[in-house]
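All chains are identified by letter, namely A, B, C and D, in their written order; residue positions are counted from 1 within each chain.
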Amino acid sequence: MIGGGTGAFIGDTHRKSALSSGQFELIGGIFSSDNSRSLEFARKEGFDLKRCYKNVEELIAGETALSEEERMQLIAVVTPNASHFPIIKELIAHQFHVMCEKPMTLNVDEAKVIEDLVRDNDITFALAHTYTGYPMVRQMRALVEKGLLGEIQRIDAQYYQGWINSIIHGNETRIKGVWRLNPEVAGASCCMGDIGVHAFNLIEYITGLNVQEVLADLNTIREDISLDLDGTVLLRFTEKLKGVIRATQVAGGVENDLNIGIYGSKASLKWSQENPNHLYLLTDNEPARIYKPGNSYNSDLCELGQTMPAGHPEGIYEALANIYKGIAKSIRKEQFAHGEFPTVHDGVRGMQFIHAVIKSNRTNNTWVNIEN
Amino acid sequence: MIGGGTGAFIGDTHRKSALSSGQFELIGGIFSSDNSRSLEFARKEGFDLKRCYKNVEELIAGETALSEEERMQLIAVVTPNASHFPIIKELIAHQFHVMCEKPMTLNVDEAKVIEDLVRDNDITFALAHTYTGYPMVRQMRALVEKGLLGEIQRIDAQYYQGWINSIIHGNETRIKGVWRLNPEVAGASCCMGDIGVHAFNLIEYITGLNVQEVLADLNTIREDISLDLDGTVLLRFTEKLKGVIRATQVAGGVENDLNIGIYGSKASLKWSQENPNHLYLLTDNEPARIYKPGNSYNSDLCELGQTMPAGHPEGIYEALANIYKGIAKSIRKEQFAHGEFPTVHDGVRGMQFIHAVIKSNRTNNTWVNIEN
Amino acid sequence: MIGGGTGAFIGDTHRKSALSSGQFELIGGIFSSDNSRSLEFARKEGFDLKRCYKNVEELIAGETALSEEERMQLIAVVTPNASHFPIIKELIAHQFHVMCEKPMTLNVDEAKVIEDLVRDNDITFALAHTYTGYPMVRQMRALVEKGLLGEIQRIDAQYYQGWINSIIHGNETRIKGVWRLNPEVAGASCCMGDIGVHAFNLIEYITGLNVQEVLADLNTIREDISLDLDGTVLLRFTEKLKGVIRATQVAGGVENDLNIGIYGSKASLKWSQENPNHLYLLTDNEPARIYKPGNSYNSDLCELGQTMPAGHPEGIYEALANIYKGIAKSIRKEQFAHGEFPTVHDGVRGMQFIHAVIKSNRTNNTWVNIEN
Amino acid sequence: MIGGGTGAFIGDTHRKSALSSGQFELIGGIFSSDNSRSLEFARKEGFDLKRCYKNVEELIAGETALSEEERMQLIAVVTPNASHFPIIKELIAHQFHVMCEKPMTLNVDEAKVIEDLVRDNDITFALAHTYTGYPMVRQMRALVEKGLLGEIQRIDAQYYQGWINSIIHGNETRIKGVWRLNPEVAGASCCMGDIGVHAFNLIEYITGLNVQEVLADLNTIREDISLDLDGTVLLRFTEKLKGVIRATQVAGGVENDLNIGIYGSKASLKWSQENPNHLYLLTDNEPARIYKPGNSYNSDLCELGQTMPAGHPEGIYEALANIYKGIAKSIRKEQFAHGEFPTVHDGVRGMQFIHAVIKSNRTNNTWVNIEN
């Protein structure tokens, strides 16, 4: 991994997800441009410090010196936008497989250079359009492909957040401290580059269609901000198929409201990221349907991405992980709050409950004291 | 880990969650009572085969022979119910920390033996009441503790599933094949022991109250089934505080509908497992409130258990993990479906989109072709 | 109408609904036991004062003196519970058709007397189990009748309210002022008689089944209250079909949460009164379905009760009625808030909007000032 | 009323709503351009045939001949769009108060003529922007006015329907039969004129702001259709406040999905017509709030428009009306389905239920047969 050290939410997400895939394990990288902080992070996480490098050149030199078996198999690049291009260019040229955070580069020319390099070096390159990994997003793609919607007549995607409000209505220092608002680091766009492009990617992923033309109206909200924090983009796919992307980072109180609607002559599909396990299919002549993951009616592509039985949101992994965290504290004799994990006493209570229930049922439904 | 080999959903959940906690890594165990299957699983997962044991005695012997540093720190027991007691008794007696699937034992006497052993050996023992690890369940506990509800006047929990329908309305062989329906393996109860007890645990966890008496009415649904698949349990906490637990495994089409309502003189709380990031607080004189994880208004206990920024359901880890799985296939030159991960071409499209948007906005909101 | 004068919500609901049915119009009655208040109400509403009677005897005398054409066709009885029996007994004996608020009487013996009287006098008698008039409740009945659920395996209904909280936690005077808490007026039960019985009626209405036996656990919540405010009732339909009714009036902040679930071997139905236009059908092998009124896939009985095109909640009648109220104030030159009805200026703005939109679209999607 | 005869949904809605307002009663009008059909309708509804006129001239002549007391007080105009202007011009000139369906006229010039006439004749003129009559829409207006949102930063409204799909994908005859698709009757726009303008009106109503400029992209979907069925309109309020209206009639399976979001620097509001009693307020630092009608925390303007206690959707009037319809059939000895109204037998069952419940509770929670 390059980037994603202490305090970086996105780095942490990549690490957890790569582990959870059962396919990758993080073994080293560059976790900060400041080598001492990088080493500190590596130490804390228990990585081999020899594989915690100062810069990309050293990383390439160090890893290529290793046998193919030992060498890092995939490098996740989760640095701020402007550094993506120089880093991934080098990595690809040295034939490392790459997982890159989006946006891939700062401009189209750079992007095309990368595309050529990937082809020429025959490596695997992936971009972190995470939302295309949701089972129900994949199911949407499958349903569209099967033709359930008839002819698509309108496409509508929105990505609304409100997190930047507290920053831009704070003081000037605060505004300057956010790299996403700095064109030199973030590139030509804040809102569209950060989140609008996810909505764009979802549309092309799900429908298999290409946007041909756009007409955009962006808003910086304040005079002293130079990048867009909000905007609407009209889309044209064909003469008779239009759509719209709306994205904003100033929707006060809105968390991460990405949603999409594909409206067809026969049926429509609606999905929302904050409720990712419910996919709605609406038709003229039948009751609306709710598709949920973990069911045999879903496509292979959808079910491939489903790790839980139906009805268990994936948050249950984290719920159980929270309990494991409490256990670890207890084993280490650290302090922990009552309630961090269920104890043997909960086990006794549970057995008392079950047996009192059975006894009450057997004795013609009478009251039974749970502790006797 | 003991149990949880090939095909076991619950073992897989424990492995993923322990990893995700950042505190534990699985290094060995007993993955099947059939040693060859156990070894096969260990081989597939890449565990050290020397630490893949034949039975509990060997495991204890092998691990205690190791230095304290190397020794397994925690053993997760995820075997069928009847084997919990003999296994965990031995483990605790040899001072292993234990994470046990519920129900802890087959009866109350066994449970009390375990409770004594845990105390005497001063080890950490945890029971997998996973739902208490959800951030919003912890927030409920905190809100009740703060007294927001006034005096609690009614408590209501339900746990409805429908998965057993297809089994009990199938043929006799199918019914016999399910260990949960066999009293010798599952214990005195199917529905109440498997899921009712989760509802019971949630109630005591959230309210800090103890159920005093129960009155139960259970239903086996069919003559040829001896354990309960459905039931209602009246609860008495105090003379003037009553409640009810309803649990069923025959609610056709229902997936995993665990929910709870705590009704107080000043306010009420409602939470549902299938929508775990929304906690509703209802009051007489103010608009209802929706608490969500990742927000500063939550209690420490809640936020401790939250790993994502607000608005990102934890399923996003699995979404990104799905993409990593696709990447792994590509690196291994295995076949994969188009759509398993976003490619460099998606990166080029994204850059084209962003730049066409910026250009359109700069040219007084005119149409811009995305590919030029 | 007997009862339902000034300030009575239930009387007002009957009047509006009878009018809205297009079948009845209120022409007189007894609107208060205090004749002067009754007359005052009748005057305000514009009724013929001659048909505003002092008591039931006068009403019967007065109306039977009229020709059959002129005579009141139906008498709605919306008085407190205890008076239902003497009033309706007389009315039926004089062959008036009756619409009676529930509960019909104070006890079973009275109820059977009424049943006999209705049969002997061959009149139409209806009880105000309003919820059976909802289109989707009728659709549930039709779907159960069609056998979509397979064998019913569990039935579950709840009716939760919180309105009585502010009364019982207020002062003693307040408690005494509420007739529902007084056994002499309300009968043997408060919560079960007022709302639990609605849940009971819904169950029998939808499933066509009869409850055979009940086991109840009620709660008065406070020592100084003699009637139940809360309770759970176990139901037995047959040996292998059980259910439960839960009802409470002390669920703080809950408004009118009546819901029902019918769980079958093949599918289940769920409906909630606070969202009455959505009926959920859950099955094991197919996506859940949402039935909504105004669609051709519904049964005749359902669509008979639907007056709006799909997607328009019936609240739209009241929304438009609100605008008519504003118009009336304006015509009467009374004061009204800006915003009570849309004016001609809104009409001009609307036309400007439409024409600016058309012009912008015709001029290659350029900006058009709306006022030019 | 002018227009709105047999089969006209909108005429029926006006009649019911006017009645429900308690302020108006329909007494006559012109119910069809074909006088015999008009008379037939009037006869069916029981109107005075003398006040069922052939045309507007006759209506004006007939009514002005009456005393002011007897004269029609308000005339609802619910004819197709093109006829609005000539009709209302005449009515206003003769000093009738008018309630007009939208769009008010076919173009801006006509609209301004009407505006002048209304002012000069000092009459009450209302436009049927029904959605502004919803209590929670009024509450939104009040919350914005109070400044709860801080500075508004984005405004977003959508109005999606799918009803026209089955027409435009049917045959040519079907397309020609729909007046909304005919520019001579419907005016310059179908989708924007019919529904987009509602979204526009809601925005201006709720925020008190004026749209300054629009940029529109409309879609006729098919070559053989000349009016828009779909479109997106960018809005500019001030330099730094932008918004968007999206409207479509081709969203397959969507019923009447009008919704609006107002996003401010401090908080945001979201409301949806298909769930009209829930208004969401989102803020950065507090749990989201759900405002519902019938609560004391609402503004006067909101509560003025609320006729039900909290928790009862207004559909309950129609539910009870459905029962009255069943009663009417029974009184008239017409055939009716079992289940059209609750009978005396339901009353007996209810009393049996209540008394069995009370008895079970008194006898220490034992089973009680309901029929003994």
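The criterion applied here is as follows: contacts are C-beta pairs under 8 Å (C-beta built on N, C-alpha and C of every residue); 3 or more make two chains touch, one makes a residue touch a chain.
Chain identities (UniProt): A, B, C, D = Predicted dehydrogenase.
In this text, all values refer to a predicted model and were calculated from it rather than measured experimentally.
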## Note on the structure
Every chain in contact with both chain B and chain C is listed here as A, D
### Query
Higher C-beta contact count, B-D or A-B?
A-B
### Task
Calculate how many whole Å lie between the centre of chain B and the centre of chain D, each centre taken as the average of the chain's C-alpha atoms.
47
### Query
What is the distance, in whole Å, between the centres of chain A and chain D, each centre taken as the mean of its C-alpha atoms?
41
### Task
Round to the nearest whole Å and give the separation of the Cα centres of chain A and chain B.
22
### Query
Of all residues in chain A, which are in touch with two or more distinct other chains?
215, 217, 234, 254, 281, 288, 292, 365-367
### Query
Within the complex, which stretch of chain D touches chain A?
149-150, 153-154, 156, 160, 162, 165-166, 169, 215, 217, 219-223, 230, 232, 234, 240, 242, 244, 246, 248, 250-254, 261, 263-268, 281-284, 288, 364-367
## Note on the structure
Residue positions on chain A within touch of chain C in the complex are 215, 234, 281, 285-292, 295-297, 365
